[in-house]
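Let me begin by handing over the structure; questions about it come next.
All chains are identified by letter, namely A, B, C and D, in their written order; residue positions are counted from 1 within each chain.
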Amino acid sequence: MTADDLNRFLDDAFGADRTYVVDDVDESRLLARVRAGAVRLRPGGTISGPTLMGLADGAAYCQILAHIGPVALAVTSSLNITFLRKPQPADVIAEANFLKLGRKLAVVDVRMRSEGCADLVAQAVVTYAIPSSR
Amino acid sequence: MTADDLNRFLDDAFGADRTYVVDDVDESRLLARVRAGAVRLRPGGTISGPTLMGLADGAAYCQILAHIGPVALAVTSSLNITFLRKPQPADVIAEANFLKLGRKLAVVDVRMRSEGCADLVAQAVVTYAIPSSR
Amino acid sequence: MTADDLNRFLDDAFGADRTYVVDDVDESRLLARVRAGAVRLRPGGTISGPTLMGLADGAAYCQILAHIGPVALAVTSSLNITFLRKPQPADVIAEANFLKLGRKLAVVDVRMRSEGCADLVAQAVVTYAIPSSR
Amino acid sequence: MTADDLNRFLDDAFGADRTYVVDDVDESRLLARVRAGAVRLRPGGTISGPTLMGLADGAAYCQILAHIGPVALAVTSSLNITFLRKPQPADVIAEANFLKLGRKLAVVDVRMRSEGCADLVAQAVVTYAIPSSR
């Protein structure tokens, strides 16, 4: 699935509930973004912790969909997030990479940065269970 | 702070961004709730993973505020959540208990259940950094 | 399996590699112990972080064995440990409780204290995959 | 500190308690190794989970020492490890990289592979508190 395919799939499955968009996807990694203009910000214009958690979960989910196809039924089994620095008042961009893509389990490393900054805002390890019926 | 104090404080600080309410708080634990009628549900009428993550983060935050007073500046430093069972189509109730309440760091265990069910839907360990200026 | 059964099983499976013993087990929880006299201590006479990680992993493993029988093949899939306080120069006792015991996955909460102290030294959430052939 | 400096420091501080050696360290990453011939192996000749946890903790600790100097007092505050694949009957090599190196806190990503294999055996995120007196 391409970034466009993924965004259409997400629109159909989750509609207005979604706070991120997929920017790009290739063989090894996926980029997703939360637009600072599209979510309620914390005082100071920065993106909130729960929004970053949703971004990490969503980027991992999309990375899995991009490789196994539009299976809506993959479910998060755990998410460990470490908040590293206060975000800048800007979009936050997540990069997702597989630590493992198995038949029953996928584990994804997600690193988040404020757009234009090299330092990490947060890092997450997200584990998804993949339904066996696919 | 009582449950009413906490809900007023949250209304002032976060307004409509908040998806949970505090039900009760005493010396040792805090109860908070996401109302199934107040959030966008997953197909099947269940509460989504990101909403549970926000509940875990919020319940831990309120448990800390209840003990150190209305200091808006405590910030999440990490959140580890394990999803254990599919929620029922019902409210989800979180119970927060301290693993540690130190001067600089608080660590909170949060357990979430669908209302009326004994089994856990999810469990989280949430670490907050407490600003030294309080 | 009783505490004696578990200790005999561990002796056969792991021999001298093991640094903990099972103290007690009942329907809902298991107690295990690292003896301060049986491991290399840190300066100050306290038990090291890696020894506490081994205790958390072992207590979770034994809690699972106690309920599903002597199946040596359960394997740790993740372990999240938070170190909360410096241990006292004493034995450390772990209490393991199930967050979930499913057919394919068990998730165990492990809380560790220096003997005679109420405060927690560390807390861990340990996830084990259970082989389907049992 | 070089790899040789680190190994000498570890010998002095921990002696025979240590199961890993530092292979190499440069500006951005550190490599450490557990020798299959130097630890008690699991049936099948593979390195055990607790030994991998000790390796992750030690590689993170050395990565911090390499950058802040021989301060023995940095203490682990949390370690989250995900076991991804059964190790091969071979040495395991850990690569440690900073997610953050702050004044008070360091967060290190550690990836472990069986020597000669590209796939990850395990991944860990290790957080260390750095004493302010340095």
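By definition in this document, a contact is a pair of C-beta atoms (placed from the backbone, for glycine too) under 8 Å apart; a residue touches a chain by one contact, two chains touch by 3 or more.
This structure is a prediction, so every number in the text was calculated from the model and none was measured.
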Out of curiosity, which chains are bumping into both subunit A and subunit B? C, D
Result of counting contacting C-beta pairs for A-C and A-D, higher pair: A-D
Separation of subunit A from subunit C, taking each centre as the mean of its C-alpha atoms, in whole Å: 34
For the pair subunit A and subunit D, the C-alpha centroid-to-centroid distance in angstrom is 28
Going by residue number, subunit C touches two or more other chains at 78, 80, 82, 127
Subunit A to subunit D touching residues, read off their complex: 80, 82, 84-85, 99-100, 107, 109, 111, 119-120, 123, 125, 127
Sort out for me which residues of subunit B touch subunit D in the complex. 78, 80, 127
Of subunit D, residues touching subunit C in the complex: 15-17, 40, 48-50, 53-54, 57, 75-83, 86
